[in-house]
Amino acid sequence: MIGALRKELLLQWRTRTQFMAVFIFGATALLLFSFGVGPNAEILRQFSAGFLWLGLLLSSTLTLAESFHSEMENRALEGLLLLPADPRALYYGKALANWIQLTLLGWALVPVMVVLYDAGTNRLPSLLLIIALGAAGLSAPGTLYGAMTAQIRAKQTLLPLLLFPLIVPALLSSVKATSLVILGDPMHALGSWLMLLGAFDAIYWALCGLLYGRVVED
Amino acid sequence: MIGALRKELLLQWRTRTQFMAVFIFGATALLLFSFGVGPNAEILRQFSAGFLWLGLLLSSTLTLAESFHSEMENRALEGLLLLPADPRALYYGKALANWIQLTLLGWALVPVMVVLYDAGTNRLPSLLLIIALGAAGLSAPGTLYGAMTAQIRAKQTLLPLLLFPLIVPALLSSVKATSLVILGDPMHALGSWLMLLGAFDAIYWALCGLLYGRVVED
Amino acid sequence: MDYGNNRFPRTPYILIAIGVALFLTGSYFGLFVAPPERYMGEVQRIMYVHVPTAWNALLAITFALVCAIIFLFKGEFKWDARLEASIEVGCLLAFLLCCQGAIWAKPTWGVWWDWDPRLTTTAVLLFAFLGILTLRKFVDDPVKRGVWSSVATIIAYVDVPIVYFSVRWWNSLHQLQSSPETVSSQFYIPLRVNAFAILFLMTGFIMLRARLASLRLAQEVAPPPMLAEEVGETA
Amino acid sequence: MSEFAIDAQRLARRYGRRWALADVTFRVPPGSVVMVAGRNGSGKSTLLRVLATAIRPDNGNASIFGFDLVKQREDVRRAVALLSHYSYLYESLTAKENLQVTADHLGVSRDSIPALLDQVELGPRADDAVATFSAGMRKRLSFARVLMQKPRVVLLDEPYGQLDPPGFALVDEVVSALKARGTTVLMATHQLERGAQQSDLAIFLEEGRLQWSGKAAEAPLGATR
Amino acid sequence: MSEFAIDAQRLARRYGRRWALADVTFRVPPGSVVMVAGRNGSGKSTLLRVLATAIRPDNGNASIFGFDLVKQREDVRRAVALLSHYSYLYESLTAKENLQVTADHLGVSRDSIPALLDQVELGPRADDAVATFSAGMRKRLSFARVLMQKPRVVLLDEPYGQLDPPGFALVDEVVSALKARGTTVLMATHQLERGAQQSDLAIFLEEGRLQWSGKAAEAPLGATR
């Protein structure tokens, strides 16, 4: 699995301009949301958590699609499977790499959100932790579906199509937790939200790892 | 140009399942926006126009990317240019086809919006017209940038990146007009918004057609 | 491999006939015999289809999960056909559920839609499984199609209860849930009858639909036209 | 100047820092068949792509029947047809539809399509999507596409690649027919014997530079071995 | 059963409604070199991909050294290496890094990489990204990838394709070396003479069916022309 992770990180490093581009995309999305809602500062602040996660979600499909683009160009993934490489190792390598990238992306979007939506917080470590946990919830099923959709035509379309409904619980909990951090948490509910998010992550990471082999083999 | 349009429509017809997928994607996006905002029916209704256009915008990047995917797979576009085919004919063929598809998509999303956001209207013909005009504003620059970004790596990322800022004026006018139709138009401002939108469309369609040749040639 | 039997399918039609009969009976009781509800009045009668539809939609999707798991282990195409059929019927029921619910919600709550756990879960379920149906349209290879939709079904199914709970948690701080009413026995009979009516209808439709899918699959997975002549050997 | 079909002067093309084609000068009289040979990565495909105006030259220039490669691109394109490493085909369209698209954009009639498909032995597969084609079948269809253009100069990049032996013969026939019609042919290939047999002239490239040029019959076929 | 390197029984594979491979039965004793020939679209690539477990057979089965293609896929994969039409390379990684990825996943040492790169004459380009490689250079790198796997059975799909004449010689050398080591080689090619010279046995496919099989020396090379 270390070999697989190393490969992923190397690939990501080679296409690091991509990261920059995805970040700008995410920031643009945040900007557009504020246009969509109109110039109401209070409402913007109130929905900032939701918009942050929507922005991250939309960016994530780009990251995921790109991550399988390299695999599919010359069927490199098939090449690895025929060596044989363990599909589970390949899955966890890629899912981890995607998780890292999404987490970094989410962290990078925080200042953008703060500036655009006036949504500051004094609980930054909690926010970063929430983003990491939420990103884990995106990357696990995202990597699985990315593998599936990369093999067919119309990949850009089908990936979000399949992924978005699934993401709802992770997204909801992340949004909720983030808004507690931003808007204040009078009832100390944050801990239970983080637990919930962690539980989703555990379920997805286990389940998707099991099923990946079936998806990438003919 | 008729040949070019015919080719585009044939390609779209062959990948017509794609249309279905983009539609479901758009509907899912609308659903997700409502999650992002939370369970507040009144606010949802108020923002419904913005969300409709955001959903359409996101879907449009899929349509556009897919439309250049077929061109780039075996460099079919280069093949046509070497015949030689007139780049302007190629551009208008593709832009028209994309416009048709986006308009249909927007129309199909209207009922979804009405149900999800409780955003009914009794001025349906105006709404459909706004969507057609707004879609024209998306497809003209979208087709140009689609061609540009399809030639480089990380296309899925760069396309929205370049496109979004450019689209903002057309998008804002569309949102404004749509919201007037949904939420009521006491000051009869709709007409002037439609004029504005029409003007943007005219500029984009003329300008992008001129630039296309430069973009697709080495 | 099982390509589905080729007898004329009588069972599904019988089931559908029973379903229609039951449905007419149940609806008669629901519409004319049961008293109107105290607060909501006549609109409430929609409950007699709404609740059975909900139960059966969940049942259809659960059956889809069973098919998915069996297909992954056994690889028999009849399970793929059943998977497709039950997802399709499940989606149809979920869609009807949303429509009925929306019709009910407008006079009751004043809006077509609200984001309470049940509704959200239904919407997510509908979209998730619509996505799977769309995926199936894009995959030409029957084996891949079967495996992928099974995998997606399993994940989507696990997802649905999670959504339910997370939405409940999410809303619990925002607003109170509409209180569940105690169901009196006058409402009980038509509800039960209709539940069985839709169950029969659903089973009938799934069987018919699965048969159709089997027939199409039979062409896709038929064995090759074998050569009669002896084949050479290299040795 | 226009007495030559191809007149390349100090043609050069770079990718990043590497010169894929450096300072290549040669002339081809109309109606000749020219073999372009060289090691892997020596710049054959680059040369053909530059001459077809698919990529611009970074230095030097060339003219095709007197038309300047850069300034009279449209005219060059009307005169030249390229069989590239890329197939230029739409995967989701059928063989016939692909040729129809080409015909529409060329402004020629669609009537010749069935005959062309038969010529490259794809008649029975005319209504199958290109996505289902094998490597050689794609090559054949691209070939039909080139023939439809009725060009004055044909640039063939590895025409024998992926074809089966009857396909080799087909290419040979087509080249002879083109030659008989007075068409100029430039053919990049690794099948030196076969290529030399078909050709009048030969060009050998090495690391983007012209290493040898002259009569095909006198070409040092063994030297690059 | 395990006395054969490859034992294919009524192998068949379909794409949609078309049988790309129908009812192919043959056996290959260990250590032999087998040429697979046939027209474009006759199913050569499909056969090799099925034997390499890249795609499943839809009917029939085969075993590689007694390992079942479907049920013992891992073992088959450990025994077999495939040079495919697809290069299996990461475009954005360099030649060296591509081989490193392969080595890591194979669990072998990275030390042999420079030697392998030199063998396929890519030493000077080791640190260039594959995206900048010409057609033949990619083929060479894929070849190095196959050699790294040290397989018991090698499946080569058009090994001569896109290579230059010294590349042909390289392939011949490698095949001889593999044979000397006792490796079984299956080679799909259109270069019938060259292939037959290298091979002990030959298989001819036609529309997915086995048309002829026997000693390579006795193969009807002219018949498919």
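Per-chain residue numbering starts at 1, and chain names A, B, C, D and E are given in the order in which the chains are listed.
As a working rule, contacts are C-beta pairs under 8 Å (C-beta built on N, C-alpha and C of every residue); 3 or more make two chains touch, one makes a residue touch a chain.
In this text, all values refer to a predicted model and were calculated from it rather than measured experimentally.
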item: Each chain counted as touching chain B and chain E at once; value: A, C, D
item: Pair of chains joined by more contacts [C-beta pairs], A-C or C-E; value: A-C
item: Same or different contact residues where chain B meets its copy chain A, judged by the half mark; value: same
item: Chain A-chain C separation of Cα centroids, rounded to whole Å; value: 30
item: Cα-centroid distance, chain A relative to chain D, in whole angstrom; value: 46
item: Gap in Å, rounded to a whole number, between the CA centres of chain E and chain A; value: 39
item: Intercentroid distance (Cα basis), chain B paired with chain A, Å; value: 25
item: Sequence positions of chain A contacting 2 or more other chains; value: 15, 153-154, 158, 161, 164-165, 168, 172, 218
item: Multi-chain contact sites of chain C, meaning residues that touch two or more partners; value: 120, 124, 127, 131, 134, 138, 143
item: In chain E, residues with contacts to at least two other chains; value: 16, 56, 92
item: Residues of chain D that touch chain B when the two form their complex; value: 52-56, 73-74, 77-78, 80-82, 84, 86-93, 97, 101-102, 104-106, 129, 145, 149
item: Complex contacts: residues of chain B adjacent to chain C; value: 17, 20-21, 24, 27-28, 31, 34-35, 38-39, 41, 114-118
item: Of all residues in chain D, those that touch chain E in their complex; value: 15-16, 18, 38-41, 45, 85, 125, 132-137, 139-140, 158, 161-169, 190, 192, 224-225
item: Chain A residues within the chain C interface of the complex; value: 141, 144-145, 148-149, 151-154, 158, 161-162, 164-166, 168-169, 172-173, 176, 187, 189, 192-193, 196, 200, 203, 207-208, 211, 214-215, 218
item: Contact set on chain A toward chain B in their complex; value: 15, 17-18, 21-22, 24-25, 28-29, 32-33, 35-38, 43, 47, 50-51, 53-54, 57-58, 62, 65-66, 153-154, 156-158, 160-161, 164-165, 168, 171-172, 175
